[in-house]
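Next come two complexes, and both contain subunit A; in the first it sits with subunit B, in the second with subunit C.
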Partner chain A sequence: MNELLYIIIIPVIIGSALFLIPGKFNILKGILAIFTSILCLVYSVLIFTGKQFAFTPYTALDRLNSEFLRSINFDLIKYSAFNIDSLNQLILLFVAIFAFLILLYSIVYISKEKKINNYYEYFLLTLGCSFGAVASDNLLLFLIFWGILGLTLYKLIKAHNDESSAAAKKTLIIVGASDGIMILGIAILWKITGTLNMSDINVDTNNALTILAFFTLLIGAFTKAGAFPFHSWIPDYTKNAPASSSAFLPASLDKLLGIYFLARICNNLFVLNDWLRVVILSLGVITIITAVLMALVQHDYKKLLGFHAVSQVGYMVVGFGLGTMLGIAAGLFHMVNHALYKSGLLLSAGCVEHRTGKNNIEEVGGLSKVMPITFIAALVFALSISGIPPLNGFASKWMIYQGIIDFGAGSGIANNLWIVWLALAVLGSALTLASFIKFIGGIFLGRKKEEFKAIKEVSVLMWLPLVILALFCVGFGVFASGYIVPKLFYPIAGNFSFVGIWQSEMVSLLILVSIILGLIIYFIGNIKNYRTADSFVGGGEKMIEKGNYNAVEFYKTISDFKLLNDIYKKAEEKWFDIYDLTKRFVLWCSHSFSNAHNGILSNYTIWIFAGLIIMLLIMI
Partner chain B sequence: MNSLIPIFVIVPLATAFLIMILGRIINGFQKTVTPLILLFLTILSFYFLINNNSNSFVYSIGGWEPIENVPIAIYFVMDGFSLILLSIISLIGFLASIYSISYISKFTSENNFYSLLCLMITGMNGVVLSGDLFNLFVFLEISVISSYALVAFGTQKEELEASFKYQVLGGIASFIILFAIGLIYWRTKTLNIADASIFLSSGNSNTFDLFIQILLITGFGLKAAMMPFHAWLPDAHSSAPSPISAMLSGVLIKAAGIYVIIRLFFNMFVASEEISILLTTLGTISMVIGVLLAIGQWDIKRLLAYHSISQMGYVVLGIGIGLIIIARDGKPSIAALAIAGGLFHMVNHAVFKGLLFLNAGAIEHRINTRNLKEMGGLSKEMPVTSGTSFVASMAISGIPPFNGFFSKLIIIIAAIQARFYLLAFLAVFVSIITLASFMKFQRYAFFNKTEHSNKSTLKEVPFPMVFSMILMGILCLLFSLLAFPGIREQILGPAIEVLTNTDQYVKSITGI
Partner chain C sequence: MAEQLFYFLIYPGLLFAAVIGALLSWYDRKVTAWVQFRKGPPVLQPFYDFFKLLLVKETILPKHGSKGVFLSAPIFAVFGAAIAGVFILLPLLGIETGFKGDIIVIFYLLTIPSLTYIIGALASGNPLAAIGGSREMKLILSYELTFLLVLAGIIQKAGMTISFSEIISIQSLNGAFAGSISGVILFIVFVFCIQAKLALVPFDAPEAETEIADGIMIEYSGTPYAMIKLAKYIMFFILPAFLIGLLWKGLNFEGINILWSILKILFVVLLLTLIRNTNPRVKIKQAIRYFLVWMNLLAIIAIVLSYFGL
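So, the complex of A and B:
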C-alpha cells in the first residue's frame, strides 16, 4: 500500500534534490535518475501484481498531537484520495517501463550540444507527477499533477532559437489552456454531484451542464493525448525537442495519461449518449485522416513522426467512442502498442540525428548498412505502426476493426454509421503504411551518401532501449490473442469474445514458416550471384548516377492533387490550427483596444466621468 | 497587544523623517535602516497574523472611550482582513527595499527615495488600519502623493509625463472620494465606519445611498485601476523605478483601492444586489479587457502593468460574487469561498506581480531596455532572473503547483457553485490569455536566440537583487500552501469572518 506513496514521492523528491547538484555533474544526475526509475519500476511491478485498493495517506500525520496539524490531516483525507484499480495498475507499469528505457537512452543522447538545463530533474518530476495523476482518485489532486506535467513538458524542450522557442511557447499555451478548461468541468462536476472522487461520480449526459462538463474534460484528455483539434502542438514539439524528450512525453507518457483520462471520463465519470458517441467517433476518424495526410508531405522526419503520433490517437479515440468492451480493450491495447512503437521510432530518429546531425529525409539515406541495429529496430516499429501482421500494431488495429463491426450490430445513429468509421480507419492505416515507406526508404535505404561513410552504429546504451522496445512490439503482436490481451485487458474491460477468429500465435508461426521458406528459396535461387555493371550508354559520356531515388519527390504527387493541394496550402498557413486562429482573433482585439489608449490626458479624464455618469444612469 | 498597533504607522513615518536628517550625516544610513524597519514590521505583522485567533484589536488614539455608544476617538482597527494587507505591505516593502540597495544606487538622491518609500508605507499602513473615513482619506493621500513623487523619480521626460497624468487623474479620484465622504457625513452624522454602519443598517437605504456608493466606486475604482478608470496605471507603473513598480502594482492598488472598496461595501454599507452586480461587472470588464490590452504590448513593464488591471479584475470578481451571494441571502459557505478566492488572489498577486516587476527591473538594469524585441537569450547569462521570472509567470498564469493556480481555482469553483457559468468561463479564458502573454515574455526575453550583442558585459544582477527575487520565487511556491483548507482557515478565515459578519466588526469598536 505504501508503494503507491513511494512511487509518487521518491521521484519528486529526488528530482527536486537534483536541482542542487551543479550542471557539470550531469552524468551523476543521470545515474541517480536511472536508479530512481529502476526503483519506481520495482514498485510499479509490486503494485501491478498486488491487490486493488483505495488509499488515503492519513497515517502519516495521525500520530501528531498538534490541533493545527490535525485539522490539516483531516483535509488531507478529504482531498488526497488515491485509488488503484486494474486500469491504473496497467498504466503505472507502462509509465515506469518507458521512463526507465528512455532514461537509459538519454545518458548518451543528452550530450554536450543537446544539453538541456536540468533535464533529469524535470524528467523525474514528470515521472512522479505522472504516477500521481494516474493514481489519484480526487479530481483536484489529479488536476494539480496533470498541470505540473504541462510545465515539465515545456521545460524538456530546448528553446535556443526562434523556431524552437515558438514551439515551446505554443506547447505550454495549448496544454495550459486545456488544463484551465478542465477546471470548469471539474467545478461543474463538483456542483452536480457534490463529490470530487472519481470513483463516486457517474453522471448521465442528459442536460446541457453535464454535456458541457463532459466536453471540457474531453478537451483536457484530447490535448494531452493529441487528438484533433487540439493536436497542433505535437508536430512542432517533436520537431524541435530532443528525441528523448519527445519519446518520453508526447509519444508515450502523454498518450498513456491522455487515453487513461479518456477511459475514465468515457467509462466511469459519464454515461455517454448516442450523439456524443457520434461526436467522439467523428473526431477520432478526423484525427486519423487529417494527421496522416499531413504526415505524408513532411520532409522533417521528426515532424513526420509527430503527425503520426497524432494520427494513431484517432484509433484509440475510436475505440473508446465505441464504448463496447471490445472497443475499450482495443483502445487501451492500441495505446500501449502505440507508446511502444512511437517512442521506439522517435528514439531511432534520435539515433539517426545523433549520428548524422541532419533532420531532413532528403539529406540522409542509405544508413541501413552502417546502422544495422537501428535500422532493424526502426523497421520493426514502422511495420508495426503500419499494421503489418504479426506485429502488435496489427493486433490492436484488428481488434479495433472488429470492435467497429461488432458495434454496427447495435441500433443507434453512431451504430448505423459503422461502415463510415470502418472505412476511414482502414484508409488511415493504408496511408500510414505509405508514409512509413517514405520514412524507412528515405532514411535507411537507397544509396549511401559520401558524407555518411564514416558513420558508426550508436552506442549500446542507445540501441539497447530500441531493441527492448522492438522485442516488446514483436512479443505483444505474436502473443496478442493468447496471452497479452486476456492477461492485461480482460481485468479492465471484462471478458469479451472476438468476432473474427485471429490466433496470433498460429498466424505468426505460419508467417515465420513462410519467411523461412522464402529465405530458402532465395538462397537456392541466388547461388549464382548477380553482377553489378555500369549502365550502358552507347559509348557516350558516362551518366552521373542518380541511384538514390528521392523518397520525398515521390510523395509530391500526393500534394499535387488539386483539392489536396489547396488543403495543404491552407494548412501551411495554419488555417486549421486552433492555436493560430485564436491568436489572430486575440491580437486583433488587443490591437483595437490599444488604439483607444492614445495617451491623451483629456480623453482619460472623459472616460472617468463617462464611467461615473453611465453607472449613475444605470443604477439610479 | 493593542498598544502595538500604532507602531505600523509611527515607525515608518519616523524613519522617513530620520532618513532626511541622519541620512545626510551617516553614510549608508538610508540603505540599512529601511530594510531593517520593514523586516521588523514584517515579523510583527506575521506574528499577529498567525496568532490572532479571529480577534479584532482596537486602539483608540488618546484613549477616549465611546460616550453613550458614540465612538469619539480616532480608531486604529486591526482585524483579520487588515492584517493580511499589513503583512503583504511589509513583506513586499521589505523585499523591494533590499532590491533597491543595488538598483537605486545609480540615481543621485537616495535619501529622497527611501524617505518617500517609507512615507508610502506609512500611508498604506494607515489606510488599512484606520477605523474612520477621514483618517483613511488622509493616509490615502499620504501614500498616493508619495507615489506621485516616486513615479517621477527618474525625472526623464517619460517619467514626468506619467507622473503628471497620474497626479491629475488621482486628484480627480481624491476629489470624488472626498466629496463622497462629505456626503456620508451629511447623511450619517459620523465618520467612523462602524458607527456609520449602524446608522445605514437601521434606516432604509435610498437613492442617496446609491449615489454615494457609486461615487466611492468611481473614486476607489480609480485607485484600484478598474476599467474604465485604469488609464493612469500603465504609464505610472511602467515609468516608476522597478522596486517602486513592484510596490505600486503589488500593494498600493490593493491597499488604497481594493481594500477600501471591500471594507466599505462589506462592513459599512448594507449589501445590495445592484451594487454587488455593478462591482462584479466592473471586475469582469477589467479582467477581460486588461488582459487583451496586455497581450499586445512589447514593453515588459507596460505588459505587466496591464496585467495588474486584469488580475485586480479577478480579485473584484471573487469579492463581487461573494457580495452578491450575501445580498441574496445565499449559502454563506459559497460566499466565504468566493471571498477567500478573491483575498487569496490578492495576496498572491502581490507576490508574483512584485517579483515580475523586480525581474523586469533586473533586465532593464543589465541591458537598458524594456522592449521585448531587443532582448533574447538572456536565460544563460541571467539564470536567476530567468528562473524566478518563470516561476512568477507560471504563478500568474495559474499553472500548478504555484500559488496563482489555487486562487484562480477557488474563484472559478466559487463562480460555478454560485451558478455564474459565464463568469467562470471568462475567468478561464483570461487565464489562458495571461498564460499566452507570459509565454511571450518568457520567449522573447530569455530564449529565442543564443547570441547577444553585448554578451561580454552581461552577467547576473548583484546579490541584493538576486536575494529579493529568489525569496519572492520561494514565496510564490510557499503561498500555495494557503490553499490547504486547514491553513486557509487559519490565515484567511478571520478576514472572511470580519467581512461576512459586520455586527462583530461593529461590536469590537463601539462595544455594543
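So, the complex of A and C:
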C-alpha cells in the first residue's frame, strides 16, 4: 500500500531536487526524470495488479499529526484519505505509461530547444500531482493537487516562442477560474452532505442547489478535459507549447484527469436527472462538431491537432452523458484511445517540426519518403482518430454508437433524441477523417519540396515512443472486443453485453490475408515491367511546376457556404472563446467606469458623498 | 478458420461478389448503350477489362509520389469492399454460421474503399488527383450523414436492433419496410447515397473524366488499376444488395423466389443506371448542398413518419 505514497512523493521530491541542478546539464536531468518515471511505472503496475483499497497513510502522518496540529483542532488524517478502485487503478497506469513515453521523446526534443527552462522539474511535479489527484478520495486534497497542476501547466508552456506567454496566461486564467468555481461546488457539497470524501457522497440532482453544485464541478472537469465552451485554451496551447508538453498535458494527462473527474461526478457523486442528460449530451455533440469544423480550416498543423483534442472529448462526454454501463465503458475506452493516438499525433507533429522547422501545412509536403517511420506511425494515429476499422478509435466509437442506440430504446427526453446524438457523433467522425486527410496529405504525401531533400528520419529516441504508441493503437483495436474491453473496463463499468457484433481479431487476420493476397496479385500481375514517369496534368511541362494543388485549399468549398463562412468569421474574431468574451466584458466595464474619472473635483465630491449616503442607508 | 477464409475469399466474399459485380457492371453498360442507341459490349467485357489490366498493360508509377502508399492503397480498397461484402452477403444469403458484423460496422467498412482512393490519389503527387481526392472527401462528408440517417430510420423501424440478419428476419415476418411511406422515402434517399458512394453521374465530380481526366484515378494504370476495378465491381454488387436487405426483405432462394431476388437486384441497378444516364454532372458544391439540405430533409421526414408508425 505504500506504493501509493511513493508514487506521489517520489516524482515531487525528485522534481523539486532537479531545480538544484544547473540548466547546463539538461541531459542529466532528463535521464533522472526517465528513471523516476520508470519507477512510477513499476509502482503503477503494482497498484494496477494489486487489490483495491481505501487508504489513509496513518503511520507516515501520525508523526506529522503533531501536538501543534492537534492543539489547533486540525485532524490531518481526516483530510488525507486516498481510495483505490478499479477506475483510478486504470488511470494511474496510463498516466505512468504516457509520462514514460513522452519523457523518452523529450530527451532529444527538448535539449535542442534552448529556451525552455526547468522542463523536467515541472514535468515531474505534474506527474506526482496527477497521481495525487487521481488517487485522493478527499475533495480538498484532490483540489490541492488539481490546483498545483494548473500552475505546472502554465510553466510548461512558457518561453518557447513569443506568443507562448500569451497562451500561457490564457491557460492559467481559464484553468484557474475553473478551479475557483470548483471550490464553490465542493463547498455546496460539503454543506449538503457534511462530508468531503468522494466515496461517501451520492446526491440526487433534484433541487437548484445540487444542480448548481453539479454544474460547478462539471465546469472543472470540462475545463481540464477541454470540452465546449471551456476549450479555448487547448488550441492555443498546442500551437505554442513544445510538442512534447502538448502531448503530455492537453493530449493525454489532462484528458485522463478531466474525464476521470467527469466519471466521478457523473457516476459517483451525483445521480443525474433526465434534463441534465440532455444538457450533457448536447454539450458533447456541440463539442464534437464545432471543434472539428474549426480544425478543418486550420493551417497550423499543431493547432489543428489541438482542435481535435477538443473535438474528441465530445465523444467521451456523450459516453458519460448516456450513463449506461455501455456508455461509461465506451467513454473511458475512448479516453484511453484518444490519449494514445492524440499524444502520438502531437509527437509526430513535433518530429516534423523538429526536422523542418515549419509550422504550416502549406510549407511542408511529401515527407513520407524521408521520414518513413514517422509517416507510418502518423498514418496509424490518423486512421485511428478517424475511426477506421480495425484500429482502436473505431472500437471505442463503435461502442459509443452502440451505447447511443441502446440508450435510445429507453423512454425519456434524452432517450428519444437518440438519432440526433448518433447523427452528430457520426458526422463528427466523418469530419475528423476529412481533416486528417488534409493533415496526412499535406504533410507527408504530395510532391516533395526541394528544400526537404536532405532531411533525415528523427533519431531512435524520438521515433521509438511513436512506434510504441502506434502498436498500442493497433493492439487496442485488434483485441478490443475480445480482450481489452473485458479486461480493463468490465471491472469499472460492470459486465455489460454489446448490442452489436464486431469480431476485431478475425477482421484483422483477414487484413493480413488480403495484404498477402494483394502481394500475390501484384506478383502474378504485370507489375514487373513498370516504369516511372512524371505526372500528367495536360498543357505540357510547365503546368507541372506550377500546378501544385495546395492542401490548404482542400476544404475551401465547405467554408464558402454562407452560413459556415459567417461562423468561421465570427470564430476568427473569437466570438466563441469564453476567455475573449470575458475579457471584452471586463474591458467594457472598466471603460464605462473610467468615464466617471473626468478629473473634475466637484464630480468626485458628489461621488464620495453619494457613496457615503448609500453606505449609511445600508448600515441603518 | 478455413471456413472463414472460404467465406472471405470465395463465397460470398471476394470472388463471388466480384464476379456478380462484374456481370452487373456489364448489365449497367448494356443498359447505358441501349439508352444511347448503341449496341453495347459482350457479357464478358468486364472480365476482359480486368485481365487485360492485370496481365497485359504496362504499369506506370508516379515519379514524385510515394510509391509504397500509392501501390498499397488498392490492396486496402479490395479488402474494405470484400469484408463489407462478406458482412452484407452472409445474412442476405441466409448463411447463419460464420462471422457477423452489425450495420454500424458495415457502414464504416463501406467507407474504406473511398478513403483508400483518396490516400492513393494524394500519394501520386498529381495535382489533378489531389483535386479529385479533395472532391471525393467532400462527397463523403455530404452523403455520410444522410446515409447514417437512413440507417437510423431503419434501426428505428426494426425496433432498435443493429443486427443485419435480425432486420431481414423482422421484414420477412412483418413485410418489407419499403411497403410504408417512410420506407419508400428511405429507399429513394438510399439510392442517391449509393449513387454518390459509387461516384456515378451526377455525383462523379471526383472522377470527372471530361474535366480533371479521371481525377483520383488519373495516375493508376496496369495491375494496381485492376485491383481498383475489382473493388469497384464488388461495391457495385454489395451496395444494392445492402439496400435490398435493409428495406426490401432481402433475398430468398427457394423455388420461384430466385427469380424475384435476381429481379430485385437488377431493378435497383437499373435505377442507378438510369439516374446516371439521364443527369448531368453537378458541381461538388451543388452535390454537398443536395445532400446536406434536401436528402437530409427527406431522411428526417421519413424518420418522423416512421416514429408515428407510417
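As a working rule, the second predicted complex is superposed on the first by the 551 of 620 C-alpha atoms of A that agree within 3 Å, B and C clash if a C-alpha of one lies under 4 Å from a C-alpha of the other, contacts with A are read in each partner's own complex, and residues count from 1 in each chain.
In this text, contacts are C-beta pairs under 8 Å (C-beta built on N, C-alpha and C of every residue); 3 or more make two chains touch, one makes a residue touch a chain.
Just so it is clear, the model here is predicted, and its values are computed rather than measured.
When the shared chain is aligned, subunit B comes close enough to touch A:G176, but subunit C does not.
Contacts of A:L587 after superposition: subunit B is touched, whereas subunit C is not reached. In the superposed model, A:Y401 lies in contact with subunit C only, and not with subunit B. Common to the subunit B-facing and subunit C-facing surfaces of subunit A is no residue whatsoever. Contacts from subunit B toward subunit A in the complex involve residues 164-165, 168-169, 172-173, 176, 207, 210-211, 214-215, 217-218, 221-222, 228-229, 231-232, 234-235, 274-275, 278, 289, 292-297, 377, 379, 394, 397-401, 405, 408-409, 412-413, 415-417, 421, 424-425, 428, 431-433, 435-436, 439-440, 442-443, 447-450, 484-487, 489-490. Residue ranges on subunit A touching subunit B, taken from their complex, read 68-69, 71-75, 78-79, 117, 140, 143-145, 147-148, 150-151, 159-162, 164-166, 168-169, 172-173, 176-177, 179-181, 183-184, 187-188, 190-191, 212, 583, 586-587, 589-591, 593-594, 597, 599, 601, 603-605, 607-608, 610-612, 615-616, 618-620. By the touch criterion given at the top, residues 4-5, 8-9, 14, 54-69, 71-72, 74-76, 78-79, 82-83, 99-102, 104-105, 108-109, 111-112, 115, 118-119, 122-131, 133-134, 137-138, 140-141, 144-145, 148-149, 152, 155-156, 160, 162-163, 213, 218-219, 222-224, 226-227, 284-285, 288-289, 303 of subunit C touch subunit A in their complex. Residue ranges on subunit A touching subunit C, taken from their complex, read 366, 368-369, 387-389, 394, 398, 401-402, 405-406, 408-409, 419, 422-423, 426-427, 430-431, 433-434, 437, 440-441, 444-448, 499-503, 506-507, 510-511, 513-515, 517-519, 521-522, 524-527, 529-538, 547-549, 551, 553-555, 557-558, 560-561.
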